[in-house]
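First chain A sits with chain B, and in the next complex the same chain sits with chain C.
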Partner chain A sequence: MDTFGLTVVEWSRAQFALTAMYHWIFVPLTLGTSFIVAIMMTIYVKTGKEIWKNITKFWMTLFGINFAIGVATGIILEFEFGTNWSNYSWFVGDIFGAPLAIEGIMAFFMESTFIEILFFGWGRVSKKFHLLSAWLVAIGSNLSALWILVANAWMQNPVGTVFNPDTARNEMTNFWDVLFSPTAVNKFLHTISSAYVLSAIFVIGVSAWFLLKNRRIVFAKKSMLIGAVFGLISAFYMFATGDESARRVFNDQPMKFAAMEGLYDGEKNAPLVVIGLMKKVPTPENPKMNEFAFKIEIPNMLSYMAALDPNAFVPGVRDLVHGSEEHGIVSYYERIRMGKLAIKALSDYKLAKEIASEHEAQKHLSVFNQNYKYFGYGYYNDPHHLIPNVPLVFYSFHIMVGLGTHFLILFIVVLFFLFKRDIVKARWLNYVSLLTIPLAYIASQAGWMVAEFGRQPWVVQDLMPTLSAVSNIESKSVIVTFVMFAIVFTVLLIAEIKIMLSQIVKESKVEED
Partner chain B sequence: MLLIRRILNFYIDGFKSMTVGKRLWIIILIKLFIIFFVLRLFFFPDILKSKFDTDKERGDYVIEQLTKEK
Partner chain C sequence: MFENLSYTTLQEYWWIIVSLLGAILVFMLFVQGGQTLIYSFGKDKISRKIIVNALGRKWDLTFTTLVTFGGAAFASFPLFYATSFGGAYWVWMLILFAFIIQAVSYEYRTKPNNFLGEKTYMAFLFINGLLGTVLLGTAVATFFTGSEFSINNMNSSFWQSPYRGLELAFNFTSYYTYVNLSLGLAVFFLSRVLASLYFMNSVSNKDIIVKCRKLLIDNAIPFLIFFLFFIVNILIKDGFAYNSVGGEVSLVKYKYFHNLIEMPVVGLMFVIGVVLVLWGIINSFIKDDDAASKGIWFTGGGTILTVFALFLISGLNNTCFYPSTFDLQSSLNIRNASSSEYTLVAMSYVSLLVPFVIAYIWYEWSSLNKEKITAEEMENDHHAY
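And then the complex of A and B:
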């Protein structure tokens, strides 16, 4: 049933997007600043200089504010699994259960135990134990991210599991295949390195504000130095893992890859669109069809990015829908046919089991197993419903990459001015640094938009689309909680910004020695 | 005993000497109350757990949902 023109699937997706995006405002800053604080504290312990103690305490306070406001916001996502996405929750059960249990036991307890020592430990525990706590908080918070990203990676590339048609659940056959799948490894590394970049920009931006106010000059320059070095190393790593991620997407989710580049017709020596503007050109078969009104390209680059071969063929949206014998692409029409066979076979298998007809059951099970890899396609009749929102994915991808390049350049320029020029006098650079803080959040959210909108309609790639994952519930109940979340999270965000700003202003009023 | 007392004192002194931390703890407690006692109890039932008693029933229901015409 539609409410305000949206179905329960769309409301549930909107609610999940809202909560995940708000949650992701808090998480990356925690992941990166925890390490930045540990590095600053290491310098303090090594040098014994009071300024490094003050620097560590200040950034630790901002880390603490962000941690406190953000903690437990992710739990709401788990509630949503059980209520709005119960079919999905059951279907993936064991795969999500194991990583999340490990997260709860290992990472969360490690993080929450040592965070108190980090904050209360000044002068109460030995410097070395205090420092160890800082590093364990950083490692613990990053390990928390590992497990949830492993679960997300499995949804993008379901490996190491087998579907049990008797229980309707996926069962883990190899934990290491799930943990170390190339998708999981890349997702984790790319996500945390982007979080480090965001945190580095936060440190540089806030320090730049001190410089603009002509306050805490030494304090701000030392903070900036740590931020810029940490950011620069992280940015190189972010680009390297991003490059590898693109290849993973090309292999495992070619439709997402085509959407990222707005590529409708595949080609060899495919160029990479650096900048482009899309416009709608509806066709009878695809009313959401888009084309470029304007674009700047780098020849052969997309082929190289996809397969490390400038001559490689990169399939476009149309190639994937219609298939290509030459390139070994099974058409979406064929996948839909096979998916329908799998769904029918599962239903028949269940009926045969109920009437204890083992021979019939095995016959249907065999058909099911032959077609299971395209199970999710069987819910559709029109392959064009299996195409994600191409302009949204294209723009999100290009905003992410464009801003990522800006961040890399910013780190280099900041380091240049710190070492070779007077950064206090470079007010333009300090303004740019300050204004880059919101851009880092935009890039971070855009990255997740590429990952999540790009794989639509899939909740579990090729196996479960959103429409079969959603619970049989009223959309009105989802709307009520959607509005509640919007209010609660907005209040939390305002509280975070307000408390942080008050701490930053307070610090700026401290007289420097 | 001495160790336990020292650990307790560590936390008690830490909480007493907090400044901005006190405000943050209030936010955390309000947030946890809203999440676990309002949202969880009244708005986010586990659909399958509340509807069915056994895993077999839950599995059968999900298969029915997965195989019915969309």
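And then the complex of A and C:
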């Protein structure tokens, strides 16, 4: 059903994107500041110095404000799998539900229990137990990220599972394959390290504002030191895991990889586009493929990045659509044909089962198994509908990488000035640090967009297209909830920012010890 | 260890886990009940602050229990998750909305420059308390009264009413709407009873304790009326049974009553639970403050036992826990709605963590509640809400 020109699938996607992107504004800061607060509290407990207690309490206050809204935006995501993606919930619930349940039992309880001690334990529990609680909050937060990212990684690279034609769903065959798939491991490490980088920039940026105001100098410099060291280590890790993630995408999601680089025609010794500007030349058959108006490239680099071999062939969008015998690429046309065979065979199998014709059922099952690999493609007729939005994915990827490089340099420069120069006098650096806070959020959202828009049109890569995952619901209901969440989350975001700013200003007015 | 259990035993095991989570959730709804009582303590700012802070130290445990209940239902009975959440869209969305606005309210309520003002956040807490309890109770009542949906041979579900679940609470031409609402209202008043008992346990303030005694009885009476109405109705109604061999669903007279009798442990649990709930209420009302402060453990424990038993009779003993009144054969039970055997085994190992989780929650609870909340503390606490 179309409403305002969009289908229920598009409204459901819009709602999920809205809620996920709002949630992802707050979660990275929680993941990183939880550790930063734990580190600060450790120093306080070790040294007994009052300034570290004040530092801990201040960052803990900001952490609490951010944590609350992260919780608020998070609950809707879990239940949206059921409310808006009920066909998906059944199709993959056997695999996807398990990490969510484990997240609740293992991570959320740890987080919510010990956060109470963290906030209210001053003077009520021993210092050591209080400190342990701080670390357990950080571990709990990050464990929750682990499980949801394992679930997400499975959607990008479905492993450890088999399709059961009788129940018409995927069923888990190996829990460890799901948990330790290279996609899951990389996704987790890359995501949390990027979250740590964002948190470090937040700490550095806010501290820089104190320095610009010439307030709380010692307080700010100590906070900055923790932020910069934590950020620098995390940034190295972020680049290492990002590099490995790219190779995983190249292997498991070559279309996403081609979109990330705006590569339409594959080649050996493929160059890496460092900076590129796409011009809008829509063609009827390729509405999402905009050619470059301008680009700067590094020769051979893309081949090396993808396969650790400068001579490696990297397929482009057109190679994947039209196929290549030379490179062993099955065309999307062929995949669609096989997918349709699989869908029909499954339907025939179910009918044969209903009339208890076992022989017929086995015949159809055999056809189904031969073609199941491309099951999801059968929902489409035109291969061009299987191409993600290339400019969106390309720009998101390059913004993420470009800003990531800026963050790494910033951490090094801040540390240099902290140790070798007077950072209070380096006002330009403090301005840069402050202005980098919004850039960290942009990079973080861009990373999410690469992962999720790049996967389209799949909700589970190659097996389940987004259009078949949606609930059987009217689009007008989804429009109402979309508007409702858009208003509520925007209002809460404004409230959060205003409260944060007030707390920062309030702290800046405290006289230094 | 769990690999040696049969698939049917694993399904029962997971229904027990989900039921236990549901029962603990109903107990933890005292937070919601307390939020609807904030205005009952008059306009005295310090009394309100004490009440809000007593609840504020527990709100995220309730929240987490709800999320874990959802996650466990998704993992162990995904067809139920897909059918109920995708079908009764508006009921679940309203419940979620109520919990979204709660999550920020404690933290933001008294913070300077909080954009919406303290009164708005207080209103959010009240809305959460009201909608959260009534709608959750109403939704659970449909485990006994049924909903209108069908499921095709690919296990896609189709909700029949355009009101997307709201008809379960607002279609007043159906008798079962009243039954559904009676459980919703019973949960609402029970949560207020539990909240009164919780305040008596965790707050040191004479005025608040006196007020709580009155609130206890004011809410216990309507709770008992609605609860009795619901219980009598489900015990005398036809239940949704399935054939353990072929899976065919049929209506069976007094099914839920028979379930209590045929599963004597569950029946006993139900009776003990009800007695404990009543004992906690009466004891706290008539005895001195020291004895009254223990009432939460009797009524709370009784709540868990009673709700646990209700969940068990809705899903065990060949009973469909999510019945369809539109197409009887589409009704969901622990056999046709569950995850695969492998997933249930894997999840069962994870369930071994539950005792540890309960242990550290207990430790946290006793550490923070060792000393009761006082007015002086509220004035000096750095993080007071």
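To be clear about the criterion, the second predicted complex is superposed on the first by the 506 of 513 C-alpha atoms of A that agree within 3 Å, B and C clash if a C-alpha of one lies under 4 Å from a C-alpha of the other, contacts with A are read in each partner's own complex, and residues count from 1 in each chain.
The working rule: contacts are C-beta pairs under 8 Å (C-beta built on N, C-alpha and C of every residue); 3 or more make two chains touch, one makes a residue touch a chain.
Everything quoted here is computed from the prediction, not taken from an experiment.
For the composite obtained by superposing both complexes on chain A, the positions of chain B and chain C are in clash. In the superposed model, A:467 makes contact with chain B only, not with chain C. Contacts of A:309 after superposition: neither chain B nor chain C is touched.
Once the two complexes are overlaid on the shared chain, A:50 sits clear of chain B and of chain C alike. In the superposition on chain A, A:494 makes contact with chain C only, not with chain B.
Legend: residue contacts after superposition of the two complexes on their common chain; A:100 is shown touching chain C, with no touch to chain B. Legend: residue contacts after superposition of the two complexes on their common chain; A:243 is shown touching neither chain B nor chain C. Judged by the touch definition given at the top, the superposed model places A:343 against chain B, while chain C stays out of reach. When the two complexes are overlaid, the chain among chain B and chain C that reaches more residues of chain A is C.
Contacts of A:109 after superposition on the shared chain: chain C is touched, whereas chain B is not. Once chain A of one complex is fitted onto chain A of the other, the partner contacts of A:379 are limited to chain B, with no touch recorded for chain C.
Of 292-300, 310-318 or 364-372, the segment of chain C running into chain B after the two structures are fitted on chain A is 364-372. Shared interface residues of chain A, touching chain B in one complex and chain C in the other, are 61, 64-65, 68-69, 71-73, 75-76, 79, 82-83, 86-87, 89-90, 116, 119-120, 124-125, 167-169, 350, 471-473, 477, 481, 484, 488, 492, 495, 499, 503. Within the complex, the chain C residues that touch chain A are 57-58, 60-61, 63-64, 66-68, 70-72, 74-76, 78-79, 81-87, 89-90, 92-93, 96-97, 99-104, 106-108, 111-116, 153-159, 162, 164, 339-340, 342-343, 346-347, 350-351, 353-354, 357, 360-361, 364, 367-368, 370-371, 381-383.
Residues of chain A touching chain C in their complex: 57, 61, 64-65, 67-69, 71-73, 75-76, 78-79, 81-87, 89-90, 93-98, 100-106, 108-117, 119-122, 124-125, 129, 164, 167-169, 171-173, 175, 350, 354, 471-474, 477, 481, 484, 488, 491-492, 494-496, 498-499, 501-503, 506.
Of all the residues in chain A, the ones that touch chain B in their complex are 61, 64-65, 68-69, 71-73, 75-76, 79-80, 82-83, 86-87, 89-91, 116, 119-120, 124-125, 165-169, 343-344, 346-347, 350, 379, 467-468, 471-473, 477, 480-481, 484, 488, 492, 495, 499, 503.
On the side of chain B, the complex with chain A involves touching residues 10-11, 13-15, 17-18, 20-21, 23-25, 27-28, 31-32, 34-35, 39-40, 43-49, 55, 58-60, 62-63, 65-67, 70.
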